[in-house]
Amino acid sequence: MSQQPASAQNTNPAAAFDLECRNINKDFDGFKAVNNVSFNVPTGTFFSILGPSGCGKTTLLRMVAGFQTPSSGDLLIKGKSMIGVPPNKRPVSMVFQHLALFPMMDIAANVGFGLRQRGVPREDIAKRVETVLERVGLPGVGSRHISQLSGGQKQRVAIARCMVLEPDVLLLDEPLGALDLKLREHMKIELKKLQSEFGTTFVYITHDQSEALVMSDQIAVMNHGEFEQVGAARELYHEPKTAFVAGFVGEANSFTAKVDSINGDAATLVSDDGLNIKGHDASGNLQQGDKAKVYVRPESIRLATSADQLDNVENLNQGIIENILFNGANSHILLREEKSGGELNVAIPQTGQFRDLTRGDKVYIGWEAAQTRCYKES
Amino acid sequence: MSQQPASAQNTNPAAAFDLECRNINKDFDGFKAVNNVSFNVPTGTFFSILGPSGCGKTTLLRMVAGFQTPSSGDLLIKGKSMIGVPPNKRPVSMVFQHLALFPMMDIAANVGFGLRQRGVPREDIAKRVETVLERVGLPGVGSRHISQLSGGQKQRVAIARCMVLEPDVLLLDEPLGALDLKLREHMKIELKKLQSEFGTTFVYITHDQSEALVMSDQIAVMNHGEFEQVGAARELYHEPKTAFVAGFVGEANSFTAKVDSINGDAATLVSDDGLNIKGHDASGNLQQGDKAKVYVRPESIRLATSADQLDNVENLNQGIIENILFNGANSHILLREEKSGGELNVAIPQTGQFRDLTRGDKVYIGWEAAQTRCYKES
Amino acid sequence: ETLRLLTWGGYAPENVIELFEAETGHTVEVTKSNNEEMVAKLRATNGGGFDLAQPSQDRIAGAQAEFDIYKPIDLSKIDESQFITSMLEATKGNTTYNDEIYGVPHVWGTSGLVVNKAEAGDVKDYLDLCDDSVAGKVSYRLKRPTLIGFAFSMGLDPFAAYNDEEAYKDILAKVEDKLIECKPNVKTYWGGGDEIKNLLRSGEVVAAMAWDTGGWSLNEDNADITFVAPEAGALGWIDTFVLPKRGRADEAAYAWINFVMQPEIAAMITNSAGNFTASKGGDEGVDEALKVRYQESFPPEAVDNIKWYPTVPANLETLEGAVLDRVKAAN
Amino acid sequence: MIRTLPQSNTFKWTYRAYVTLFFVYLALPLTVVCLMAFNNSVFPSLPWEGFTWAWFFGDEDPFIGVFNDRSILRSIGTSMFVAFWVSLLSIAVGTTNAFLFVRHDFKFKEFFYILMLLPLIIPGIILGISILVFSNAVANNLENATGMWFDGLRPGLPLVILGQFSFIATFATLVISARLEKFDRSLEEAALNLGATRLGAIRQITLPFLFPAIAGAGVVAILMSFENFNTTLMLVGSDAPLTINMFDRLKLGSTPVLNAVSLLLIVVSAILGLASLLFQKRDKSS
Amino acid sequence: MNSVHSRLSLYLLFTPFLLWLALLIIIPHIFMFLVSISVKTGVREYVTGLGNYMVFFTEPLYWNTFARTAFMSISATFLTLLIGFPVAYYIAKLTRGRTKTTLFLMCLIPFWVSELVRTFGWMILLRETGIFSSFLQYIGVASEPIEFLYNDAAIMVGLVYTSMLFMVVPLVTTLDSLDDSLIEAGYDLGGNGFTVLREIIIPHAMPGIVSGCIVVFMLSLGNYLTPILLGGKDSLWFTGLIYDQFITRFNWELGSAFGFLLLILSSTIVWAGLKLSGQSLTDTVGR
């Protein structure tokens, strides 16, 4: 994935952003589905909104598309406010979760629908439809019926139907949700390729972190109607700013602990079940005596059969293997830490070095304080 | 996962196997859905049947349950032939793909259904239902309605409904298929735990390799109605016996190639796009000039920025990074091999050593001949 | 104009309609019905929907008093010379309400017994229908003529009691008992003319109280079956022409009346309906066989004994209805 | 119990025999009706007097065939006229009702929905008499007040049409709602998103989607209208639809011309029914 | 979406609904009630009162007929259910593909013709000189013609026949929606045909059963043709009484009262049926 921080985009300042949201709110009878969200999407980028089910992603996207009116806040596309503009007048197109291809029309009619609404002449429509179908890799399927396409092909037709209108922004609401596992893996890569070919700004929502991580230039992590963090995939993964992001993006072992002492960014904590932890104050506001949430990724924990193999780790413990979850390159060990009795999930390195471990074995585990992220519990 | 090879089970020889299938066949109007399948499931183990959609898994399982009659072959449970025994008389229980919980009954009535059929007295039923609900971690939900449970809870009720009957064998037909990603991950571990707690023999079918790998003591890989290989998860992953198993279990880069020379197990091949490959003859019958399928796992390919970092590898090549699929601990690089122009998928080690690679970088890649498995193409 | 005619089966045969349409240029639409339904329909439409109706002469003044559904006949538009004078005068008298005349006669006939001589030769009067010898093979309508017929057969005179409600109730009570007693003998109560003909023809019924015409037409096929004028007297009826209050084609209606009262046309109707008309000379063109049957059924003394229906007073039918309902419900 | 469960042969064959018997029961009356249409006898019953086409084409009294029987031909025309309007009104109101109940939330919606279902549990004859009584009262009042005639409010075809429409509209509503329920609203949103106007989206997307249901409801309405008796009986004026005409004849006893009409009815409705089914099927498969 | 739009379309859609409901269903019934409480005291003279209802309650004939109609209709409903259920089950669960479609279609075919024609068919079959009687004589079972027509059994045959479609179709639909795996699960857990039927199939099919029963009951109760044409001299039917009052007695007032009573009867029985089965009108006939 090429990393393109928003500031590095070379666009003219007048329309530096294809989409700007300013303090958008959406109330449903007193329930805040979207809470004061602001963000900017630079021209030509792939922007994802990632969050658990019910956090307000769809609501946000539908406000952009015009199907819902914000309770307050402003929403600009190419610098023009969209408040009061009906959905059929906005320069955005949307790929729906279940694609919403029109079953009563063939593919060419589907793709040409938007052009027909604009009153483009027949022959032009036919030409432009064929061109866009070629671009998504489906030349000559125009006269086929929707039901004659595979899931992945439908996906591409749905995108073609939007792209033929040359929208400023393409909105996608979990478009891969309905596909099966293998196809989803494949389409992730495909989608990203299409986006960079078309050069159109994509706003993509999903609750699947791996989709967001693999495809996006920028990801906004959303929870309870608010944006918790906006950043590139690696930023979110390696430097989550909030406990929620640390827990939601990627796998992590988590502890609740109490801050024993604090020294700059370095914190010493004791977990609820008695484990001593040396960590890094990621929220930057920990105080002695605070309750904290601590996260360590399974792959940050190193395994060893003797203590001296683990140099340079601030946290060194012992555990007994309870279960080996063999899953090829992605295998894990579930072990019980000896002192505290807590369960830990440790990734088995791909080196093959630990292939012979079995249930009941005792192992040493260690991880660095820098990879132990602590957040004040609110 | 504790690895318990079938032969190591300590059961009395009379009923060493809870389930034995002997040359089972199933014809549907000339179409062989199950083709001469034989296998034994030792008492108390978790046995999975893994295969792509349509390979005959469900058909096989339904023959065990009694919903379909084998065209030929024998089927024994605890040593007793089940041919001609109707499903309601067989000592097996089944967890259906969509669970088949009875929506017209509350949870206690669902779980107690089987006991009622046996004429167990009312009070006993109530007691046993409550006990089994506790064992699956759902005490006191008896009077709730099915629709008031989450997906994972329903799963556990479905298992409880079977387990309360203390069946000799529990059959499970893709029970996790309907759950969403996160829940599925969670239930994998849960199911395995429940199995070892109850000590009941599980026969589990799935097309999701990670489910099979994580949970099973033994896995049978099925294709086109036949068993391709039966073995423990690591065996299948590290020593697949057929090309199908190598491609289906775990991710792999695959090439079609021609055998250039052969020397015992060591083979030298040239791929269709001109890459020289040194590999290991896994099928044991390769001859010079044969067409072969070659598989290399993404994590077997090592990355380096200079050639001399890669010692000891028989296959050494160079490639240009086309795409970085960042996905936390499970990130991959898609690169284009320079000489042949073929695309390769390479796992990024968790060490963080290659964090700074970006699109367009040139890297060295190498992998061992021993991890390059070659199969004669049929 | 379109003439919407509300009439009995057989009174407007296809061949007559064709002649009429050819001659006048009007078209005719026929709806077949019976007395009760004619009144009910006109009541529901408040005298609309039809241009000419043909209820029996006893159903006109009472219905007019109650529902105001007819309009007076303009006798100047009718060629009175085509009518048998006595019948025309009688009908005028019976259909006068508030000094206006509402009806002129068309077809007349009687109700009596239709008997299969071979199987039920002993049936000579209405009450004989209750005899054991014909048990289960008898039919009659559950309508007011049956009440009247049985009353006469029991030696009572219902017509005389028409204007004495108490006396009439007495008679009805006796008839009710009789009909309930007789019920097991009945196969089914018939409804329409062809229905009773089917029943008799197939032998499912051997004796019935029915219209004369039914007996005669069966006689054609099966010489054993014919109409018998009961000892107590056949019940004579005259079906009329009346103008519904809101008919829209009066001109066509008068044209129809004048047209069908021509002797040749009247004869065609007699041949179709089986009954004679009030047309002067209308019986001349009638099929000889029918005349013979008529004469066999009606020896002169039987003709004298015919009991002609007087006008039904407005409230009678409610009383009768209750009786009929009770008979129907009795077991 | 289901195909995949083993069943004893006795059970299987007894069950099959029962089902066969059932279908014989269904077919029997119609078969004899059709057969008797060819009986060369003036009565639609045994004995069999030989084969004839007279009840279709005859023009000699009493062998008047359907195609020469003015009153039957006229009442078929009347029935078609009534069916046409009933079906038109029913699908119009059925469609708006479907949109109302599927697309909108309003106060007392449950209650109104139950009211909408009421015609299903009101006997047809009562619908007939209540409409008769009501329109009669309205007509009387209007006529007294204005001195004009309001024939449309008296028994006659307008009332017959309204009477049938009063309950067939409910069926149409149910059929069309069921399909609208299945409509994925995001299709409409997609159309808006692609630049269609609100009405444009309904016209180009929603109505075509509903079309099979609307057509199906139309056919059902036609069939129901054609065969309706109870409601029509109370509202009919001088123009009798076919069923009423046939009933009048049947009551009076009739020649097998009724069998001939019935045979034609069976053939036509079978064709209609099959057509609508084929139509639905083609729609489903696509 | 836009609330002004949505209000406007709500009103636009509500208008035809309300016109239809008010003008053709609700107000006519109110008028019918008003007519039913006007008592005729003389020629063109009426007073308001419950006299017509009194007539109903004091004349055993009327309420006997009323009770008889209700009883026969309920019996016809049960009989239809009993006969139709196995057939519906067979179609829904034991056939598939083309056989299923064909059998389902065959269920519908008889109902593509009017009730009148169907009843006419039964008359031809059942009458003394009809097919059955002749057939029995022909095979020598009977020595003389037998009358099958003109009795309550004939009415039953006709009612059941006429109603069958309305039972079988909802049953096939609900039974079709019963996942086979529920039945399999029932067997797998040790159930047998009977227990699975009682505990799984019937509870699942309940909405269909109730829906079918309501429709069949209403059709039977409101039937006019079948009892008139197939019934005998004792076979009174309440709709027949209503018809008589309107058509042969010209007594709209009593007829309206009867109509109203029939409405109350049908509503009460439907309501009781719904309560007993724990279903709602919306989930059954309004599905």
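Should a chain be cited, it is by its letter among A, B, C, D and E, assigned in written order, with residues numbered from 1 in that chain.
Following the convention adopted for this analysis, a residue touches a chain if its C-beta (ideal position, glycine included) is under 8 Å from a C-beta of that chain, and two chains touch if they have at least 3 such contacts.
Since this is a predicted model, take the numbers as computed values, not measurements.
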Query raised in the report: So which chains count as neighbours of both chain B and chain D?
Result: A, E
Requested in this report: Hop across touching chains from chain B and tell me the fewest hops that reach chain C.
Outcome: 2
Query - By count of C-beta pairs in contact, the leading pair of chains - result: D-E
Query - Separation of mean Cα positions, chain D and chain C [Å, integer] - result: 37
Report summary line: Taking each chain's mean CA coordinate, chain B and chain E are separated, in whole Å, by 56
Query raised in the report: Roughly how many whole angstrom separate the Cα centroids of chain A and chain B?
Result: 28
Query raised in the report: When the centre of a chain is set as the mean of its C-alpha atoms, what distance in Å lies between chain D and chain E?
Result: 16
Requested in this report: Two or more other chains in contact with one residue: find those residues in chain A.
Outcome: 67, 86
Report summary line: Check: chain E positions touching at least 2 other chains come out as 127, 129, 184, 187, 246
**Report entry** Multi-chain contact sites of chain D, meaning residues that touch two or more partners
**Finding:** 4-5, 45, 132
Requested in this report: Would you pull the chain D residues touching chain E in the complex into a rising list?
Outcome: 1-5, 15, 18-19, 22-23, 25-33, 36, 44-47, 92-93, 96-97, 99-100, 103-104, 106, 110, 112-127, 129-135, 137, 162-163, 165-166, 169, 174, 178, 198, 223, 226-227, 229-230, 233-234, 242-243, 246-247, 250, 258-259, 262, 265-266, 269-270, 272-274, 277
Report summary line: chain C residues touching chain D in their complex are 4, 6, 9, 14, 29-33, 41, 44-46, 48-50, 191-198, 201-202, 246
Report summary line: Counting only contacts in the complex, chain A reaches chain D at residues 65-67, 86-89, 92-94, 96-98, 100, 102-104, 113-114, 117-118, 145, 147, 161-162, 165
Report summary line: The answer for chain B against chain A in the complex is residues 1-3, 181, 188-189, 192, 208, 210, 213-214, 233-234, 237, 249-251, 297-299, 323-330, 334, 347, 349-350, 355, 358-359
Report summary line: Within the complex, chain B is touched by chain E residues 179, 181-182, 184-192, 195, 199-200, 203-204, 206
